[in-house]
Amino acid sequence: MTELSKSGAAVGEPVKGSPAPSAFLEVRDLKVHFPTDDGLVKSVDGLTFSLEKGKTLGIVGESGSGKSVTSLGIMGLHTAGQYGKRKAQISGEIWLDGTELLSADPDHVRKLRGREMAMIFQDPLSALHPYYTIGQQIVEAYRIHHKVDKKVARRRAIEMLDRVGIPQPDKRVDSYPHEFSGGMRQRAMIAMSLVNNPELLIADEPTTALDVTVQAQILDLIRDLQKEFGSAVIVITHDLGVVAELSDDILVMYGGRCIERGPAEKVFYEPKHPYTWGLLGSMPRLDRDQTERLIPVKGSPPSLINLPTGCAFNPRCAYADVPKDNVTRTVRPELSEVGSQHWAACHMTQEQRERIWTEEIAPKL
Amino acid sequence: MSTQRTTGRRKQAVAAAAVVAALLSTAACGGGDDNDGGGSKSGAAGFDAANNKVAQASAAKKGGTLKFAAAQDADSWDTTRGYYGFMWNFSRYYSRQLVTNATEPGAKGAAVTPDLAEKTAEISDDGKTYKYTLRDGVTWEDGKPITSKDVKYGIERAWAQDVLSGGPIYLQQVLDPKKEYKGPYKDKSADKLGLKAIETPDDKTIVFKLPEANSDFEEMLALTSASPVRQDKDTKSKYGLKPFSSGPYKFQSYTPNKSLILVRNTEWKQASDPVRKAYPDKITVNFFTNANDMDQRLINGDYDLDLGQTGLSPQGRTNALKQHKENLDNPVSGYIRYAVFPQSVKPFDNEHCRKAVIYGADHESLQTARGGPVAGGDIGTNMLPPSVPGSEGQKYDPYESATTNKNGNVAKAKEELKACGKPNGFKTTIAVRNNKPVEVATAESLQASLKKVGITVDIDQFDGAQTTGIIGSPSNVKKKGYGIIIMGWGPDFPSVQGYGLPLWSGDYILESGNNNFALIKDKTIDGLFKDYTKELDDAKKAEISKEINHKVMEGGYYLPFVFEKFINWRSSRLANVYTSDGYSGQYDFVNLGLKK
Amino acid sequence: MTAPLHEPTAEAAPSAAEEAALVAGSGEAKAVQGRSLGRIAWERLKRDKLALAGGVVVLVLILVAVFAPLIASLVGQDPETHHEDLIDPLFSTPTGSFGGISGDHLFGVEPVSGRDIFARIVYGARISLLVGFLSALVAVVLGTILGVLAGFFGGWVDAAVSRVMDGLLAFPQLLFIIALVSVMPNEMLGLTGTGVRLFVMILVIGFFGWPYVGRVVRGQTLSLREREYVEAARSLGAGRFYILFKELLPNLVAPIIVYTTMMIPTNILTEAALSFLGVGVKPPTASWGQMLSAAIDYYDSDPMYMVIPGVAIFITVLSFNLFGDGVRDALDPKGSR
Amino acid sequence: MARGTAAGPRAVLAYLIRRLFAAAVMLVIIILVVFGIFFLVPRWAGVDPATMFVGKQADPAAIEAVRQKLGLADPIFAQVWEFFKGLFVGRTYSGGGDVTKCAAPCFGYSFRSEQAIWPVLTDRFPVTLALALGAAVLWLLFGVAAGVLSALKRGSLWDRGAMIVALGGVSLPIYFTGLLSLAIFSYGLGWIDAQYVPLEESFTGWFGGMILPWVTLAFLYAAMYARITRATMLEVLGEDYIRTARAKGLTEPVVIGKHAMRSTMTPILTMLGMDLGALIGGAILTETTFSLPGLGQAVLKAISDKDLPVILGVTLITSLAVIIANLLVDLLYAVIDPRVRLS
């Protein structure tokens, strides 16, 4: 992932005309902006990453950090359902298996949707059509991309339901979403998204709506399936725990930008960005004494219309004044390599980070 | 509306003025009686061509369908129960009486002429016995002959008010004032002909024995309510849905408030009927809920005439006057529209307060509210309708309402108020039917003009359907404080008795269904009515009528608005059209014909 | 799951656009700048030109209604003086063109009586708005109280109220209103004439209107009741009524406002219809519906007489609707226009 | 949520019975109310209904007799009881030696027109029904289409335009638009002879007579439906499952036409049910304006005549219509939306 580091270092400058990348999925300088009455909402503002087949990338961040928008951008759904509203502006490049999606014919992208790339949504109850049976919905998803008759499709649907661990699939296939439990619903959702063996699977907060016990099962399921289908997976969540379990790489987003990225274990065990510390601190962990209080991140997410100058995180950062001459509030920090294949965007020096991590943060975790 | 419309309207305004002049002149020289008044044979006869004279008599051909349009259904088509003017008029299609109104235009139409009877009554000298002989060949719709017993039975039905309410009860009052007879349905006798006052010695002869003479008795027998009804065909309360015909037409189908169709009664013989010409083959009535719609259809020629004969509504009137003047007549209806002052409500117990209102009123404004000189009528100056013998029209104007005081006389009104002891005026309530927009308009006009003399009035619109119960009950009137009631009245038959008795006679003050709203209990007036009923000489009768009228006016019980006139539509298809005083200025339906 | 960070709750999983909107700090999102719902709504409303226009007209109408006598006297007219001199005796329509529109009579004069139409329109606004507002008020008060009770306490309360609402909605309403008003006595509770009619109309129209509000409020209450913050409040041991007033009512404000603005025009139309059918206010009191029904007898010979009250009703209802729509959009968290 | 559709016919039947029972109760209440309105209120006003049935020269005896025959003297509950009896076993009116049989279902007997009410109802109901249904077809077609279009083109000129027109439609009194259409198309241009002709007489005549009423009525409702459709459609388009449908790779027509429409139609159906029901009782204005011999016209006449039996009959029938309409809608609803539980 070396060249990625370059482009990663060059966040902000558009990299047009560059050759088709070797990576299966490569996102370059992705920008998704929503014009609203209140101003231009820069939900994603220059995001770059890449992902290989069989690998899993975890994108972490608060709501409004732009993670969902990113995924929708990749799927080409960022404008969906925005009738009569000013259209979202998207720029940059999204290379999927050698094709650039943003410049591709929308209908071509549509054909890719569901077949090449599929998505699992956060709340299966609202994401499944209440008026159609699970079966009908899976069958539909299958028959768009495969010219087969209903029977075949139905068999396929049952097979998938079985695969995702739904008991008596041949019966449940005719049930309606509301007749399923939350976990079952999410399984069905997964079955539906995998029915065409997509090469890229995006899971947007796959477990948020579920209770803790079910969460684990679903995550396992996703992992197994990935092994089986060998597809690339993007897991979007606010829960570091989830990504820690699933992903090979972790990308932490804040205010529409990437502020830390690296291999999962690195980011998880040696995070370099104060915001990541906050995420860790606020995460419940089995290996920690439950009586201990968590350390939440103070304050609320930044307005994406006018980000704070300097480091977008500075208003909420306990260490904003560590770097000299107020640089955090004036200069926007770029991603810089902070370890092998580990990048972070913070003005603090290695030493400062090390000290604060070892002395203040680590003990509390 | 576009600019052309403006210029158009200006022209109309000018035209309007001309038309008024024209109208008034034609109306003035009306009453002439050339038997085939103006207009081409094919087209319409011309303005007022059928008013008090026959239009296009010779153009009438046998056959065709005569189409009535109606905004209101009859109260009942049962000859015993109907009381609406147009019902009496229309009923002659399917019912005959011993005597009936002459089929002549204008005043002559009010005269009584033999129908079932060979000739008018042989009256005994004391005026208490009336004898008729039925003519030959008179039959029911099933071909059976009409007998004197059928006539008696038909008349008897009026006694069964509990079942057949609604119709006039003059005969009952004259023949059986003490109400000894309980009516045919409670009649114990086998033939149900227990009424003593009527004798039927044989099937052709019928004799009426009056306990008291009544000079208008034959007029009463000319009313529809004296039609024969055959006992075996009497469906009692449902008779009105399909009366058994004695006339030239019979009911084919009838759905109340929807449609009515009459077809020829093949058993009826022209020879047996000196009155009815029976031109059309079929007669239809269609009912409308939207008066404007109805007028529009009349003007479009979809229908021939209005069953109600109440005149066109403002919109239709304007259109017609502007574009189809030749299809219009402007007859006098015989109705007087007026305000009456119940003496039970203070301060109207004091005649000066009553007169204050009469003087304070702006008569011209009231006339306009009624629809103006043409569509409303001439300013009413007294209470005797032009169609009633003894009437003087505007010549008798005790309060100078049509002349010096026609816009109200504040000074005189104030004087009267002083005399009444209310120098600063008073408050009272006007009662007006809520289903008569024009009456509401007059109420508003009265309200406006009385304001000027310090009399403030509140307008109370009562339910027009409950007239008898609301203003017909003196106690209720007193309770509600109706100092002024707005009403109208037309003669049931053209005589002071047929018009004024219920209004002015002390004996007619009823606890419910009262019409003597002013509660007049005047010895002289009651006396005059007595004299009238005994008097057999027409000239003298007229004289008495005149006197009664004067007495009423001098009492200041009434504020007449107009001697009503209306604008009546006749289609260009109609022939042998004429208005008849016998039916308060309506066209005489029974002899209408169609051109081919 | 702990929620130290601001997590999207299950039922508010935001679509891309919404997420943007959320972050932009509008709607019911825990706004960044923490603006109040009211202020946001107002700022939205300010952007909706049509709604504003509607609002302005409504305001003007209210002023007109309040200062009717003043306005009428400004043009030197009053609604009850007759001007027969301006009436063509033959057609009983105004002599002047355009229904007798002139310097003195801005909207011309009525046929027959010649009363000044401008003055009558101005006074008529009083009736229309009075009935419109008050009956809406009646409906809203009844609807809110019963709706909240039904939705919050559920059980037999809910059952009973819902039945009643279904029942009322099953009534042929116009028919009933006509029937009721037409048999109403002329004096009651010390009121006479127009007073009675107004009173009855307001009550009856309002009474038949409340189920519509009731349904919405009940629904809202039900859903709000399940929202976890109420649960939270409950777990904190807050009294039911505390919850009711502190948590629910504020959330009901929006739908109630919307419904009120939507109901007023309907009521105005109903009043017009009743007057049209002759069971409305009594003469000489001016009412638009009454004028319209009277005008129908002159629709061709004096079109202006029909057009003017017709347009008056139209404009009023239209602007109320426009305003109402604006308010709804403004208060709707999803909408962003 | 219970398993709606899986609940099977027995549940549906039970539900139906429950609902019908509720309906019956409703009707009883309505009858009581009507009786109240027309018997008690006039009493306060000090008016004796009997006086309405006697003529210009009513004699007290007659009034008393009429009172007896109409049973106005009986206590109101006796009258209500009589009425119910009439509905099921028929009843006989007798007085003054006159006996009138009124066979079940006896909705009463008009003392104005001397008719049994039931035939009147059966005679007039079709007219009103035709009016309502015809108009409904029109307004569904145009209203929903317009609504969907402006939802998809939200904010566009078309949207604004359509919605203004719709608002206009909602803001115009029906008798106003009705009269205008009559004046223009019938009297003015003479395109249509807007006169009611019974269907059995001539279809074309009937159709011609119904066009204007249909269009006028539909205009009003189309406006309403366009507004509702637009709002609902916009709401639905924001739903997650629409996004899911897109994520599957469905084409836009399928997403809108299948997934979005199905959800949009449900609330519209509910409205349709209520409106149809209400129209059957509330087409008074339309029928009056166009002189259509329907129920509304009959009842208006009856109200002005204080012809209680007719009013009762019509009210009953129309309320029944509303209830049935709502019931049908609820059943349909259960078919469309599996989440709905029949109870």
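Residue numbering begins at 1 within each chain, and the chains themselves are lettered A, B, C and D in the order written.
Here, a contact is a pair of C-beta atoms (placed from the backbone, for glycine too) under 8 Å apart; a residue touches a chain by one contact, two chains touch by 3 or more.
Please read all numbers here as calculations on a predicted model, not as lab measurements.
Peer 1: Please indicate the chain closest to the centre of the assembly, with centres calculated from CA atoms only.
Peer 2: D
Peer 1: Looking at B-D and B-C, which one has the bigger number of contacting C-beta pairs?
Peer 2: By the number of C-beta pairs in contact, the winner is B-D.
Peer 1: Find the chain most remote from subunit D, comparing centres computed as mean CA coordinates.
Peer 2: Centroid comparison gives A as the farthest chain from subunit D.
Peer 1: Quick check: how many Å separate the C-alpha centres of subunit B and subunit D?
Peer 2: 40
Peer 1: What whole-Å value do you get for the distance between subunit B and subunit C if each is reduced to the mean of its CA atoms?
Peer 2: 48
Peer 1: So what's the Cα centroid distance for subunit C and subunit D, whole Å?
Peer 2: One centre to the other, that is 23 Å.
Peer 1: Taking each chain's centre as the mean of its CA atoms, how far is subunit A from subunit B in angstrom?
Peer 2: 92
Peer 1: Could you list the positions in subunit A whose residues touch two or more of the other chains?
Peer 2: 77, 80-81, 84-85, 121, 123, 126
Peer 1: Can you pull out the residues of subunit C that are in contact with at least two other chains?
Peer 2: Residue numbers touching two or more other chains: 13, 15, 17, 182-183, 186, 296, 299-300, 337.
Peer 1: Touching two or more other chains, which residues of subunit B qualify?
Peer 2: 292, 435, 463
Peer 1: For a test of understanding, state which residues of subunit B touch subunit D in their complex under the given definition.
Peer 2: Contacts found on subunit B: 73, 75-76, 81, 83, 160-163, 165-169, 179, 183, 185-186, 236-238, 240-241, 255-258, 287-290, 292-294, 296-297, 300, 302, 435, 463-466, 468-470, 472-473, 476, 479, 502, 510-513, 515.
Peer 1: Contact residues on subunit A for subunit D in the complex?
Peer 2: Of all residues in subunit A, those touching subunit D are 75, 77, 80-81, 83-85, 110-115, 118-119, 121, 123, 126-131, 140-141, 144-145, 176, 178-179, 192-193.
Peer 1: Hey, which residues of subunit C end up touching subunit D in the complex?
Peer 2: Residue list for subunit C touching subunit D: 13, 15, 17-18, 50, 163, 166-167, 169-176, 178-180, 182-186, 188, 265, 269, 272-273, 276-277, 289, 292-293, 296, 299-300, 306, 310, 313-314, 317-318, 321-322, 325, 334-335, 337.
Peer 1: Can you list the subunit D residues touching subunit A in their complex?
Peer 2: Listed in rising order, the residues of subunit D that touch subunit A are 1, 3, 5-6, 151-156, 159, 234, 237-251, 259, 262-263, 336-339.
Peer 1: Give every residue of subunit B touching subunit C within the complex, in rising order.
Peer 2: 1, 5-6, 9-10, 13, 16, 19-20, 23, 291-292, 313-315, 317-319, 321, 362, 364-365, 368-369, 371-375, 434-435, 437, 440-441, 443-445, 447-449, 458-463, 480
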